[in-house]
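Next up: some structures, all given as structure tokens.
Shared chain: subunit A. Partners: subunit B in the first complex, subunit C in the second.
And then the complex of A and B:
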């Protein structure tokens, strides 16, 4: 993909390391306004720290740092920005919502204040103005009786309402990009659907671009425009959702799809990918998926496959990537 | 209160709980109320002392000296004929003041230093905590007395000395909680909204960890009043003839065998005030969910 000026977010060669050990490398992501990108992968594949790196919010004290790469938001690289400059970006240009809304809201602060706080902080609004906008935001995210709920504390809200409140807080200063780190994982299924619908609705109304981190391909199928599949800290495959799901080019994506209960053929037993994902301490050489890959050959352990263009808008990091999804030895 | 839910194991704690439960104590709400009533009662006595005290607390009345409790002098009189009841009432003004002011400044200083140490970490934390260690290495009262002796005996010196010594407990308490909370999810969320460190520390972290310090400060009031009384008893605090409970006990000590009331009533006053603050601390701890009921 070439650097298109209309792109909202452009991540190039992002590498995150602790000490000299790279946990995430060569991540390229592109996102335009109004697009929803699904970032998919197993636990430990690096999805969450990639998102935290986009915000420049790698956990302090963990030793994690951005080793290389560029994060261009509206053509401005965020990586060299100072901490105060970055603070002005957070909340106003990029918003973030998290997996567990219960623990990500301040338990001793009223919901309305938490939403109003960032409006006052970033835009210098008066308390009355900020509160009015907080009520309006609560209405936008579908909280019933927002004027009555604005003075509630988080513990008085249900899980789904807390997630809505967190979305309201994240969007208070109208960021153009929302990073949603497994926003529905902690919610029950009906509420999940409501929250996803809300996100799509906000995308349509506000032209919001969303990075949706998930390990649930069902969620991806319902919501995303594009898909990026991560494994062991590297991108395995990226492309438009429909095509990737219909004909995965990478054996890992293929295997991942096979593991989804809803998407696999009615099998008596749910298939699983044999083996365990590698730990960052001993990532295998060559392609990191090769020890578990049914398609692996000698070249896979010797040479690392680049994330190559395989069809219009589709990239895959596999020596045997095929855009039609046919993998010898996988299906036959 | 724990009734049916109480497990059947007959540990000492359970026995204690059932006994206090039968007395109606041990219930968070009751503790809180009783403590508040006692403390408010003392506060009223202190505020109204000049009007409700039956006698002048420092006026000598030698013909009436060393009288036992009677209708005219419910708590008796001391060796100068001063009315003990009036002196206890006026003493409440000094002792409450000692307790409250003596805790306020350590609370403030300790909270600020502890939160900065916990949040900043690294060398700032190491430096501040070594200072805490140094202060803690000395016995509390001895250090207090040394500082007061260097300054000059009196109430102001007592407050200054307390501020210099007492903050360490709060600093440790707050630091420990800030250390835990600074990596908590809602702090990450606050950072993702672009808030600066000061706002995160003082608007988000501190309100979440202040409950423990407030509870501790209630029991600290008790310790401070006792320390103040001890200091006055040793002649380094409030000076005679001012009515202060510790001073009164010191004076009454010489007459314990002949006029027991001189030391006993101010002693009871200290006990009652301490009891009130302890109940308050207990009730608040349970109210804030710091302790399981």
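And then the complex of A and C:
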């Protein structure tokens, strides 16, 4: 499973724990250059701390640590790297953007300086050069009048423009991988469409690989190449977007798709998932979804299903997973 | 049949926080105003569900609050059950509020963290003197069951409840006054999709069982499509399109409604991300454009759109839309064609 030339990121058996309690377990992710991976899950499913772990940015003081696993970026494992080594990786190899740009931009620093800062830090560029690059980056992310706006402060930008500025800052040192954690959740739909369009353009132009963390299956369906569904700290299902959305192999994916109110159909009762996601303090044994699963049998509470190969490129962690989704009663 | 709620030409304006002096009326230090709601009229029949959709800052929440007189309106009239609600007549306002209830977005901050679920519901029953004091405990248990909680949950504090359970307590509090109208402001926006579906089903059940009228304010078009019979689309404080939900969603007439619908990412993996049809973002409500509020971003804008008063709602196709033009049907991208 290694040595593939196009493999940019390969995560194996990643486990994140606080003390002895594992919050995230056995996460396997693969990403090639130019691919967009959607990481989907409800709040508390562990998608955000997984991303922070990829950057080795687990909040200090929280007690969170990487307990096991490997994060190979271009065949180099990031887990054993020291903090100074990691600091060189962040920005130049992996960029990250967040849900709320206002809280990740310095309010008293000009937009251009915030973008130029990392160029000067990582590449030792002169202030004038760095500023020229910042103007160019703002142009690339679609800010009108970039030469004028480079000296603006964040409060002078609208929400959508701030998110564009954060993308520009994340891409300043030409990373090959962008981790976008709920980048459009705080934006209105018309602005969300603009930002998603921008991310796809950048992917096409720069060959950027993107991990898009979201709870919105619509966003995934319209932008990603493949997706990974998380629930209670474990991957439930991974695979190419079309196959997973068309014929979900895992009952959780199936249920999640079912309870989205769509635009086209008339009002009908939504098939809600009973109960609520478990808290990390009392994750159920066996399959973590079994207390809410309509398909659950005795084996589900006794034995934990591994994330097994069910078809080419598709994995699912369910004792009854079938690639055509037939066990769910849906037609493939 | 008398309409349950008749709102006519409601206008709300806030004074923007700025350095303002009462004797300065123009220039740099003059007071600036945010025009949040600019002449909105809606009619709601008993048992009807109206969805109000729009992007942030379009005035949809302010409209909901202004109807209940929770913010002061500058002009316009609210009639409830045929009687005018005079905002200066506190008895009339109290009567209105006894028959209406509001459900809020953030279920945690809408509840007092020191009151248990049971006490929070009992408080409403006591304040509005809905039932005699000796029946309060019984009624609290009934209400908890009505919203799908077990009576034992009455002793839990908000922090011991999940988001979905808190929202159910919020709904139980709203139902405690036996309202005829519920105004729900983004009441599922903070919930995960699996929990959101539970709450939507609950609201749908209650609506049918109790013949509740509901104003459902949301930015999520899918949720509104699911729950509401009628829908009003707001932009910069005005209703730009109003009609039956299926007509507005299947054959939208106003260019803004079309752009809004095409921007919603569909979960159909074979539909590609729509090209961004709208440039820019909504202008600030403190500097309204002249003419049609949407004209600076409208792909079909002509000279007339920038002039005069905003266009009024008129019948176009099967909905009411506030646009000067009848756009040709081929300009309408219905979701079915794709």
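We adopt the following convention: the second predicted complex is superposed on the first by the 316 of 332 C-alpha atoms of A that agree within 3 Å, B and C clash if a C-alpha of one lies under 4 Å from a C-alpha of the other, contacts with A are read in each partner's own complex, and residues count from 1 in each chain.
The rule is simple: a residue touches a chain if its C-beta (ideal position, glycine included) is under 8 Å from a C-beta of that chain, and two chains touch if they have at least 3 such contacts.
None of the values given here were measured: they were computed from a predicted structure.
Participant: Of the two partner chains, subunit B (first) and subunit C (second), which one does A:107 touch, if any: first, second, both, or neither?
Facilitator: Touch status of A:107: first partner only.
Participant: A:193 in the overlay: touching subunit B, subunit C, both, or neither? Say first, second, both or neither.
Facilitator: After superposing on A, A:193 lies in contact with subunit C but is clear of subunit B.
Participant: So in the superposed three-chain picture, is A:273 touching just subunit B, just subunit C, both, or none of them (first/second/both/neither)?
Facilitator: Only subunit C is touched by A:273; subunit B is not.
Participant: In the superposed arrangement, which partner chain does A:218 touch: subunit B (first), subunit C (second), both, or neither?
Facilitator: In the superposition, A:218 touches subunit C alone.
Participant: Which chain makes contact with more of the residues of subunit A, subunit B or else subunit C?
Facilitator: C
Participant: Once the shared chain is lined up, is A:170 touching subunit B (first), subunit C (second), both, or neither of them?
Facilitator: Only subunit B is touched by A:170; subunit C is not.
Participant: Which holds for A:96: it touches subunit B only (first), subunit C only (second), both, or neither?
Facilitator: The answer is first: A:96 touches subunit B but not subunit C.
Participant: Looking at the overlay, does A:61 come into contact with subunit B only (first), subunit C only (second), both, or neither?
Facilitator: first
Participant: Can you tell me which positions in subunit A touch subunit C when the two form their complex?
Facilitator: 42-43, 158-161, 188-194, 196-197, 200, 215-223, 241-242, 245-246, 255-257, 259-264, 266-267, 269-274, 276-277
Participant: In their complex, what parts of subunit C are in touch with subunit A?
Facilitator: 55-56, 162, 164, 192-198, 200-201, 204, 219-223, 225-227, 246, 249, 259-276, 278, 281-282, 335-336
Participant: Quick one: which bits of subunit B touch subunit A in the complex? Just the residue numbers, please.
Facilitator: 121, 183-186, 188-196, 199, 203-204, 207-208
Participant: Spell out the part of subunit A that touches subunit B in their complex, as residue ranges.
Facilitator: Those residues of subunit A that touch subunit B are 55, 57, 59-61, 84, 86-92, 95-96, 98, 100, 103-109, 117-118, 121-122, 166, 169-170, 172.
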